[in-house]
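I've put the structures underneath this note.
Shared between the two complexes below is chain A, which pairs with chain B and chain C, respectively.
Presenting the complex of A and B:
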């Protein structure tokens, strides 16, 4: 570990105003996470344009803190009104809500805050300790590998996501296509602009993110049943016994945290999946499985430890390779690029931006303390959040999305048209199971993928390969070849499997 | 012939429109990319080509061999979380509705009456659900045009007022949210120096007068 850079990053995170943005991000995250239909990705997407006025580190720490806060916030409405604020807290409803109905809402919320904070703290600490290995691995990757890993990310998302594999791939490739609008990065060709000057800089991926996560989500929410307010929730139970209960279940806590971390690193899987896997594992390994679903504390611990554990896992592929483990990390990648921080080796170079990477890790580490303090300190007041009707939120989010999009490039109408068009398109894509994360990955990574493909073709000219191919470089470098085999296996696997089964 | 047209019209869904958008746009992009320099056209050709091939696979999914159908027909996701979340919500709503009915002394109502009332509620709800998204989409498009015409500073409170009235909110909420939205828009105008005070109509009026 570059100790000097690590210490410098610690100082950066604790300095003003970065520390303020850390706490503010956590609080915003807890609120947006607790409101069903909103969640981390929407909160982050809406605030992206506003981060333009911040320096890079403050902006990224604000965004990552929203992500972390929302992971815990999702449990509040899951426990109190059985409507998970984010899908990452879906399994929390199984035991959290029955506890709440039994008059143990404070206990359940305290279990959630403690297990979220401890799991988040442990997994991020492990990530920091393991970072030298990560740095070595990232430095082994060059242009051909970065192009292939973008395609591999798309392919992997299509396996995990809902809907047919081809639907995921088409969404991803269409996202990549959109990034070709505007001036070509290498040749300065002006592409698909219809002579409109506003299109010369291409489609803003931040506008695309706002359209896909804010407008599309609001259209979906407008079609769902009313708000979440269901009257007064009785806030019974105790904080301290809940904290002790989490400490008394170290195996569940650690196992769930690392299940979250492992699954979080898989593109497209994210906290939603880890949440259910950790819960199922807790039920499987319990001697008292029949009490799960009826208010078993271990169920809440497993579910909440896993979703905060996911953060550490999903941040690694996002920062190292630009591959999002979840929708929220896709927005985080957007934020990084918007502030001139390209995911990849530069973020792991001690002479370049390693300080940013370590700042993110340390912010996540310290953010867990905020979760613990806010979660346990304001636990009896959490019921207020469940009284906000989502019908009030929809027009405000749409208005913020419009204003934010217009502000992105100081009054480019094309960005506002983008959010409306992609919002409507995203709504129908969701409805017909076309992977939104694959689409976002395409939009965010398009220009990076194009540059890396171009460089790979140039490098191929210098490669001694029996056949004259423009992409021969992919076949002569071991990591490239491995990635290529993995892509082919993922895409052709489902087609060829029946033949192997025979 | 008429029957065939009606049959085709009934089969058409928004997914077909989505696929037509993907394929149509990509065909244009592919053809147009032939006019770029070789290096500038390589990536758009690769991505547009991939969308065309994948789109055609989806269009003709019913006629593909069984092995290829595995990758084009929707199967259950590895983890179908949305479904589980919705199930949980529905279960609880049903529990609560049952509880409310019991306390309201509806125990004497026959099963058929309950079923009929639930059916009509579900039908009107699904109409409302589909309409909610559609109308909100319409509001967004109208907000876009209004912003262009009169400026986003004025269009924002108008949009919020119209939307909250349409969703049947109390007047107090309508006024409060409208005022809040104007403050938000004004902050963007004032702090970020965004040109949202005037729209096309202002420019046109200035030209005319």
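Presenting the complex of A and C:
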């Protein structure tokens, strides 16, 4: 790395008004992130046209700070009302919300702030050190690897199903089958649209998530009395033990942070996937798997560390190739281009725009301090939200969910139907122990898998392989082979484990 | 491809939803004081793409000339048809225009046959055009021009060709390259738009592919790809050294190999109002800031009036129908 440029970038970020935009962006991000149905990409997109009056670096830092703040902010509503503010915090609901219900909201919020900030800090620091070799690494992933990563995600169903294997597989396949609706990603075939143009682009998985998480939970709450937390709740005094708890789980923290970073660097995957992968990995490696989903602190740490870790990873392909890993980085790319900073190797060239790239990294690094201060100082007091009677919360969340769904695709009513249908379905799935995570993995990964499998089969025609296989390309690329081994290990692991344990 | 595009659009799509509500509050039907409210500009692709970048460059100076604010509404998906359909179905009160790229969006319209008639819309103007180029991974630096590339396909050195999606206009170009230019590929490999296609060629996942002139500039300067052919009949300021294919004796395929950034208004929009919009658009395109941006980046800006814009669409549609087998694009 070029030290001179790095020092210059540090000066830039700390200068006025760049530092102001950094803090403002973080605060805006935390707020939009915490509102279910809104999110980083929305906040960034609203402000994008307004950044024209700013200089390039201020604008980019404002946008990236919103992104980072929203990643953390998503956990607030995930923990307090079981409605993840962003899809990146979906896995946070699994243990964060049960903690709220047990009166541990402050602890959960402190866990989230601490693990988000630490994971963000560590991954960005690593990124800065590794920046000279980043491009080479990103380029080793092509269509065959994307396909296998999607399959790796689907293989995780065997872990998240936790005993209810058949139900887990059914949920997963149902999610997958939903992704077949609409124009096929790689051919012009139109599937299951029944002539409705609104269905040409398929089921929006963001709408699916709003339905499964927000609507289904509100349906459940509607059957209960009182606030979200049960009984008398102690709200204060649990900040420090939570901070210690994060520090006492360094392996989970680091593993989740780097899972997030790795998945974030894969275009198209992003934090929606990484928080599930990190969560399921935490469950897999735990000696105490049965307590997950019932308020296990490690679950919150894993999910929140991974989504802030994802930021660093997803910024790399955005800056290096202009390839978005997520909706938010797509808007970021728009901002870069709007300010004349074309994504590409120039942004890694010390003589050209490397200072912009380093400024972005440093802003992300310092932004984590804001997360920690705001998260531990202010947000932990938001715990009283869980004591508000549900008769006030349910209408608000339902209204926001409908508004969010309606706005999703400029007023496509189909998205509103989606949240209602999947809300009802999610309610019954939960009630009868069908894994929601398995379902979500199917919905998210279906089209990524389909698109890249199609290409991989085409690319296999060019591969010299002793046997004439339509998928030979998976066996001749080193990273593909590694991923194949990982998939086999995950699928066979639960079957073979008893034999090894003997 | 569409699903991910949606995600990109999720954020921006919400702005006009809110703006639209605000717009309903005042009554703008009074002819005398047009324009009296903001103009919505529907961009049928996500933020940060070529079409969006052009629109955002022109937006500022056009707004000054128009006298009211101009809101860009990204409505991506279905190869641009979502945005085209929402423009087509909008109230023809002179406060909505939409981008319909020629030929890519009309190609998608011909292939997918959604339930609206593209030919009903009113022409407004164009803001720019850019040609498609052929790029080859830089490991194959013995390929320096289109003739050598065509020969390499004939010799079997290359068998695959990367393009930007089934039913996309680059799919039509690929078919014409094979049938009219003799570039005998065996497989076309579709990617999710321009960026991933360039990346596939840069990493040699597929050795040869298609790219717009401006998007090829980055990877070419980085030494990842070589630009070997300009498929349009006119030179491009981005790669002035590349001889246009027609000058090398290949047939003219400008109707697909040149993207025209054309703008239209909903059917029935008052011609007087279109005149006001198109004058503002012309002022925007010719403003100093847009011209300077064009000089810096090589993005050609180019204004044409409402009638000519409508004719360009008619020609584009009939040319595609005449020279491309639409059934092949649906496969």
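Please note the rule applied: the second predicted complex is superposed on the first by the 277 of 502 C-alpha atoms of A that agree within 3 Å, B and C clash if a C-alpha of one lies under 4 Å from a C-alpha of the other, contacts with A are read in each partner's own complex, and residues count from 1 in each chain.
Following the convention adopted for this analysis, a residue touches a chain if its C-beta (ideal position, glycine included) is under 8 Å from a C-beta of that chain, and two chains touch if they have at least 3 such contacts.
Remember, it's a predicted structure, so these values are computed and weren't measured experimentally.
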Just chain B (first), just chain C (second), both, or neither: which does A:424 touch? first
By residue count, is chain A touched more by chain B or by chain C? B
Give one of first, second, both or neither to describe whether A:44 is in contact with chain B, with chain C, with both, or with none. second
Contact-wise, after the overlay, does A:205 reach chain B, chain C, both or neither (first, second, both, neither)? second
Regarding the shared-chain residue A:174, is it in contact with chain B (first), chain C (second), both, or neither? first
First (chain B), second (chain C), both or neither touched by A:462: second
Which of chain B and chain C A:82 touches, first, second, both or neither: first
If you stack the two complexes on chain A, which partner ends up touching A:187: first (chain B), second (chain C), both, or neither? both
Is A:290 touching anything from chain B or chain C once the two structures are fitted on A? First, second, both or neither. neither
Common interface positions of chain A, toward chain B and toward chain C: 186-188, 406-407, 410-411, 454
Which of the residues in chain B end up touching chain A in this complex? 13-15, 17-18, 21-22, 25-26, 29, 32-33, 36-37, 39-44, 46-48, 50-51, 54-55, 57-58, 66-68, 70-75, 77-82, 84-85, 88-89, 92-93, 96, 125, 129-133, 135-137, 139-141, 143-144, 147-148, 152, 156, 159-160, 163-164, 167, 169, 173, 177, 180-181, 184-185, 188, 192-196
In their shared complex, chain B is touched by residues of chain A numbered 53, 82-84, 87, 90, 93-94, 97, 159-167, 169-170, 173-174, 176-177, 180, 184, 186-189, 191-192, 215, 218-220, 222-225, 230, 269, 272-273, 275-277, 391-392, 394-396, 398-400, 402-403, 406-407, 410-411, 413, 416-417, 420, 423-425, 427-429, 431-434, 446, 449-450, 453-454, 457, 491, 494-499
Complex contact set, residues of chain C against chain A: 1-4, 6-18, 46-48, 52-53, 56, 59-60, 72-73, 75, 77-78, 81-82, 85-86, 111-112, 114-115, 159-160, 166-167, 186-187, 189-192, 195-196, 199-200, 202-203, 205-206, 218-219, 221-222, 293, 296-297, 329-331
Which residues, counting only chain A, touch chain C once they are in their complex? 39, 41-46, 48-49, 52, 139, 142-143, 179, 182-183, 185-188, 190, 197, 200-202, 204-206, 267-268, 321-324, 326-328, 330-331, 333-338, 340, 342-346, 406-411, 447, 451, 454-455, 458-459, 461-462
